[in-house]
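In what follows, chain A forms one complex with chain B and a second complex with chain C.
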Partner chain A sequence: MKRQFPLVITFCVGLFMFVQFFVPHEFSARFYQQALRWMLIIGVYAMALGIMSLWMSHYRKVKARKEGWGFSMATLIGFACMFIFGLLNITGVQETLYETAYNYVMVPVMSAMFALLAFFIASAAYRAFRARTVTATVLLLAAVVVMLGRIPLGEFLTFHFGVKLGIPQLCDWILYIPNMASKRAITLGIGLGSIAMSVKILLGVERSYMGGK
Partner chain B sequence: MSFFERMMTIDRRILYVIMAFAVVVPLIFPLGLPVTITPEVKNVYDKIERLNPEDVIMVALCYDPSTISEMQPMAFAVLRHCFAKKLKVIVSGSFLTGVVLMEQDTRKIAEECGYEYGRDYIYLGYNPYPAVVIMGMGENFRIPYPKDYYGNPLDDLKMMRGLQNYDDIKFVLNITATNSIDFWILYGHERYRVPLGLGIVAVSATNYYPYLQSGQIFGIIPGLKGASEYEKLISRRDSASVGMDIQSVAHVAILLFILLGNVGYFMTKKGRKG
Partner chain C sequence: MEGDKGMATGERRKRSHWHLLMLILSLSLGLSPVMAQELAEEESLLPAPATNVKAVDTPNDPGESITITWTPSADDGGGRNDVVGYDVMRAERADGKFEVIKALGPGTDRYADKEFGDHQVDNFKDYYYKIRTRAKGTSYSAAIGPVQARGQWFHSKKKVLLVASLLFCFLVYYFIAQSKRGKELYVRPIGGIEAVDEAIGRATEMGKPILYVLGIGVASEVATIASFTILGRVAKKTAEYQSKIIVPCFDPLVMVVAQEVVKNAYSDVGRPDVYDEKNIFYVTQNQFPYAAAVNGIMLREKPATNFLLGRFAAESLILAEAGNIAGAIQISGTDRVDQLPFFITACDYTLIGEELYAASAYLSKEPLQLGALKAQDWSKVAIMVFLILGAITVSFGISWVVNLFSVG
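The block that comes next holds the complex of A and B.
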C-alpha cells in the first residue's frame, strides 16, 4: 500500500495533466491553474527541506569535528546571519543589513571565485590542448578559431576576396554547421529519452523517485 | 631538460602572472578595439527598436554575482534601450542568489532613465521552480506572483492593470547565466507562443544557436562580446566594451600558451624520432 498509493496518484495526475493539455474546457483550465499553484507551494516545501538538510549535514560535521569542520562552521554562521538579517530587515547606514552583507561579502566572494577561472582555464588549456591525435587536432583548431572569432581581434584576420573570408566567418561556420548538427542530435536524443522516461514513470515502471531500489 | 621540453612544462605560477598582466594592462591602457555587430545581436536590438512607446515586454533576468562581469553589462545595455524607447517593462529575477543584485541593477538603470516604479516598470523577484513559474505566468502573472518583490499586490500597480499573461506583452527577453532559457523555450514559447530573445553567458551560447535557426528564439546576445555589440548599437560605450579589450588580450595570451605547448610537444617528438 505504501508504494502502490503514490503510484496510483502519479498515474492519475499524470494522465489527467496529459489529457487536459488537449481539452480547452473551462474546468480543464481551472484544474491546470490550480495544479500550478500546488506545484509552487510544494516547491517551497521542497526548498525548506533542502535548507534543513544543508543545515543538518554541516551541523553534524561540526559536532563530530570531522575534517574541514571549520568550513562547515563558516557556512552555518553565514547562513544564520543572512537568515536573521533577512528576517529582521534592520536598516543599516544606507541600506538594510541584509543588502550590506550581500553587497560587501557575497558579491565580491562569488565574483572573485568566478574570476579565478580565467587563470585555471589558461593553465588547463596550455596543458590539455596538445595535437596528439587527429581528433585532438580538430578540437584544438576549432577551439582556436572560436576563441579568435569571438573577440574583436579576430576581425583583423578577415580578408576580402570578393566575399569576406576570415576567422569570424570560419567561427560562424563552426557554430552554425557542425555545432548545430551535433547539438540537434543531442537535443533530439534527450527529447526522446524524456518521453520514454515520462511514460515509464506514468506506468510505474520507473520508481526510483520514491527512494529505495 | 632541453629547451623544447621546458616549453611544455612551464610552471603554472608563471602562466598565472602572465595572465594577470594580460588582464590588468588593457584595463589601465584601453585598446579601443572595434566591435562588429553580428546578426543575432542586431535581431534583438531591432525587435526592441520596432516597438512603440507604452508597449509592454518582459525582461527575465537570471544571474548572480558569479557571472556579474558578463551579465550585468548585458542587462544594463538592454534595460537602457528599453527605457529609452519608453517601453513598459516587467522584470523578473529568477536566480535565488542574485535576487538582490538584479533588483539593484534594474533600480539603478530605472533611476538613471527617470523611470517610475509601478507606472513604467515592475520587479517581480524570485519564485522557485522556473518551469512552473513560466507556465503560471502563461495563465496569469498573478498565479506565481500575487505580489511583487516589495510586497505590493500586482493589481495595485498601475502598469499591471489589464495585463493578464503573455498575450498582453510583446515578447520575453531572457538574460540568463543558467539553462532557464530551456524552460522558456519548452513552456513559454511552445505552450504559450510568446516570442523569445536570449542573452546568455558565452560558454553556453553555442548550445542555443539551433533554436535561433529554428525560429524558436529571435536573437541571441552571446556573452560579453554580445553585450559590447549591444553597447555599440545603443551608442553607449560601457563596461562590456572595456571588457572586450581585456578578453581579447586574455584570449591571445591563452592561444600563445597553447602554441608554446604544441611547438614544444612536436619538437620534442621530432627529437625523439631523430
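The block that comes next holds the complex of A and C.
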C-alpha cells in the first residue's frame, strides 16, 4: 500500500495533466494554475529540509574544526545575516540591507564565477582542438572558421585578399546548415525520450523518483 | 384713442412678423443652393463603411473572448476619404447604446475582444457589434449579433498531437507485449553507461570517493529522474565496493529523493550500515554558487570519478573543467543540447540527450523498459519518413503533408 498509493496518485494526476493540455476550457486552466501553486507550496516545505541539511553539514564541520571549517563558518554567518536582513527588512541608505547585500556581494561573486567560463573555454579548446584524427581535424577547422567568422578579423582577412567566399559566410553556413540539422536531430530524440520517460512514470514502470523500488 | 393706439401696435406687430417671415423665406430660397452644395460636400467626405463584419466566439480558448473580423473600407489606403482608423463598438442589446471598446489604426481587419476591467466579455452573454470607420467623416457598418463567448473543451489545433501521442502509447504497449513474450530486443551499446562499472572500480582501487552531480534541475524534470536511476546503480556498486559517494544537491526535493535512492541501494545489497546520510546534502539553489561549491568539493576531496548527469546550464563547463583539473574520470550526460559540446570536450564519456533517458532500460534490461525504448526508435523512423516525404512534397508545391503537422 505504501508503494501503491503514490503510484496511483502519480497516474491520476499525470493523466489529468495530459488531458489538461488538450482542454483550453477555464476549468482546465484553473486546475493547472492550482497545480502550479501546490508545487510551489511543496517546494517551500522541501526548502525547510534543505536548510536543515545545510546547517547540519556546516555546523558539524565547524564543531569538529575540520579542514576548511572557516569557510563553513562564513557560510553560516552569511546565511544568518541574510535571514535577519530579510526578516526585519532593515532599511539602509537607499535600499534595504538585504538588497544591498545581494547587489553588492552576491551579484559580483556570481559574475566572477560566470567570468571564469571564458578561461575554462580557452583551456577546454586548447585540449580538444588537436588534429589527431580525421574527425578531430575537421572539428579543428570548423572551430577556427566559426571563431574567425564571428569577429571583424575574419571579414578583414577574407576580403582583403580578394576571396569571394568570405569566412563570415562560411561560418554562417556551418552554424545554420549542418550544426542546425544535428541540433534538431538530437532535440527530436530528446523529445521522444521525454515522452517515453513520462509514459513510463505514468504507468509506474519508472520508479526512481520514489527511491528506486 | 388708446384703442386706436392698440390697433396700430397690433398692425405693426403683424407686419413685422410678416416681414420676418418673408426675410427668412427669401434667405432660404437664396441660400438653398449653398446649403444643398454643403450637404453634398459633407456626404462626399463620408468614407465607405467596413463590410462583411463577422463576430464569432474565439476558438480554442478558455472563454471570455469574441473575435470580430471585417473587410476594410474601400477608402482604406487612399482615395478622397482616406481612412484614419476603425472603432469597434459593442452593445448588449440590438437596440442598446453602442460604446466604443477599441480604436484601431487603418488597415486593421480583426480584433479579439477580451479586454479586462470595464470592457470585460462575460461568457454566455449576448453581444452586438458594429464597426465605425473614421476618415474626415464617419460611417457605420450594419450591426451584427447576438454572439456569445464560451470556453472550448477541446483544442482543435492540437488534434495531431493527440493522435501522435496515442500512436506512441500504442507502440510502447506493442513492444512491451513483444518483449514479455520473450522476444529479444536489441539495444546498441552505450559507451558512457558501460563505463560506469569501470569508473567505480577505478575509484575503489585508488581509495578515493565518487562524486555524483545531479545537475540544477528539480525533481520533476525528466533528466533528473533519469539521473536518479543511474544514481541507484552507482550507489549499489559503491555499497558493494565500500567506496564513498558524495552527492551535492541543488534542490532540496532532489536531495530528499537522492537520499532515499542511495539508502535503498545500500539496503538492496545488504549494506545499510555503510550508508551515511551526511554524504548526500543540500548546497544552494543558486547556479554559480552551486558550481563554486561543487568545484571546491572536487579540488578538496579529489574524487577519482565524477558523474555529471542531469540538467545543466552555463555551469557545465566550469564543473567539467574543474573535474579535469582534479584528475577525475568523468561521465556526463544532459538533455540540454547547448551544453553537450562542453561535456563532449571536457569529459571522458558523454550520454547525449536520449541516451541519458535510455540508461534505465539499458541497466535493468527489463521488458517494460526495453519496450518503451523500442517504441522510441520506431517513432523516430516514422518521423524521418514524414520529414523526407514533407521535404519532397513541398518541393513540388504540395503542402498538405506539412500542413498536417501544423499546431497552434
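Simple rule for what comes next: the second predicted complex is superposed on the first by the 176 of 213 C-alpha atoms of A that agree within 3 Å, B and C clash if a C-alpha of one lies under 4 Å from a C-alpha of the other, contacts with A are read in each partner's own complex, and residues count from 1 in each chain.
As a convention for this text, a residue touches a chain if its C-beta (ideal position, glycine included) is under 8 Å from a C-beta of that chain, and two chains touch if they have at least 3 such contacts.
All of these numbers come straight from a predicted model, not from anything done at the bench.
Participant: Check the residue A:V107 against both partner chains and state whether it touches chain B (first), chain C (second), both, or neither.
Facilitator: The first partner, chain B, only.
Participant: Just chain B (first), just chain C (second), both, or neither: which does A:G211 touch?
Facilitator: Touch partner of A:G211: chain C, not chain B.
Participant: Looking at the overlay, what does A:P6 touch: chain B (first), chain C (second), both, or neither?
Facilitator: Neither partner.
Participant: Counting only touches as set out at the top, which of chain B and chain C does A:I151 meet: first, second, both, neither?
Facilitator: first
Participant: Does the superposition put A:G189 against chain B (first), chain C (second), both, or neither?
Facilitator: In the superposition, A:G189 touches chain C alone.
Participant: What is the contact status of A:M47 with respect to chain B (first) and chain C (second): first, second, both, or neither?
Facilitator: both
Participant: In the superposed arrangement, does A:P168 touch chain B (first), chain C (second), both or neither?
Facilitator: After superposing on A, A:P168 lies in contact with chain B but is clear of chain C.
Participant: Regarding the shared-chain residue A:G70, is it in contact with chain B (first), chain C (second), both, or neither?
Facilitator: Neither partner.
Participant: Let me test your reading of the model: by the given contact rule, A:A125 touches which partner, first (chain B), second (chain C), both or neither?
Facilitator: A:A125 contacts both chain B and chain C.
Participant: Where on chain A do the contacts with chain B and the contacts with chain C coincide?
Facilitator: 29, 39, 43, 46-47, 106, 109-110, 113-114, 121, 123, 125, 127, 183, 187
Participant: Per the contact definition, I'd like the list of chain B residues that touch chain A in the complex.
Facilitator: Result: residues 10, 12, 15-16, 19-20, 23, 33-36, 64-69, 97, 100-101, 104, 127-129, 132-133, 135-136, 139-140, 143-144, 202, 206-207, 209-210, 213, 222-223, 225, 228, 244, 247-248, 250-255, 257-258, 260-262, 265-266 of chain B touch chain A.
Participant: What residues on chain A touch chain C, complex-wise?
Facilitator: Touching chain C: residues 18, 21-29, 39, 42-43, 46-51, 53-54, 56-57, 60, 67-68, 71, 106, 109-110, 113-114, 116-117, 120-121, 123-125, 127-128, 183, 186-190, 192-201, 205-206, 208-213 of chain A.
Participant: Can you name the residues of chain A that touch chain B in the complex?
Facilitator: Those in contact with chain B are residues 29, 32-33, 36-37, 39-40, 43-44, 46-47, 98-99, 102-103, 106-111, 113-115, 118-119, 121-123, 125-127, 129-132, 140, 144, 147-148, 150-153, 155, 168, 175-176, 179-180, 183-184, 187.
Participant: Touching residues of chain C toward chain A in the complex: what are they?
Facilitator: 60-64, 123, 151-155, 158, 161-162, 165, 168-169, 172, 218-220, 222, 225-226, 228-229, 231-232, 249, 251-253, 255-257, 260-261, 263-265, 278, 281-289, 291-292, 296, 300, 314-315, 317-318, 320-321, 324, 335, 337, 340, 342, 345-346, 352-354, 356-358, 360, 366, 368-369, 372-373, 375-376, 379-380, 383
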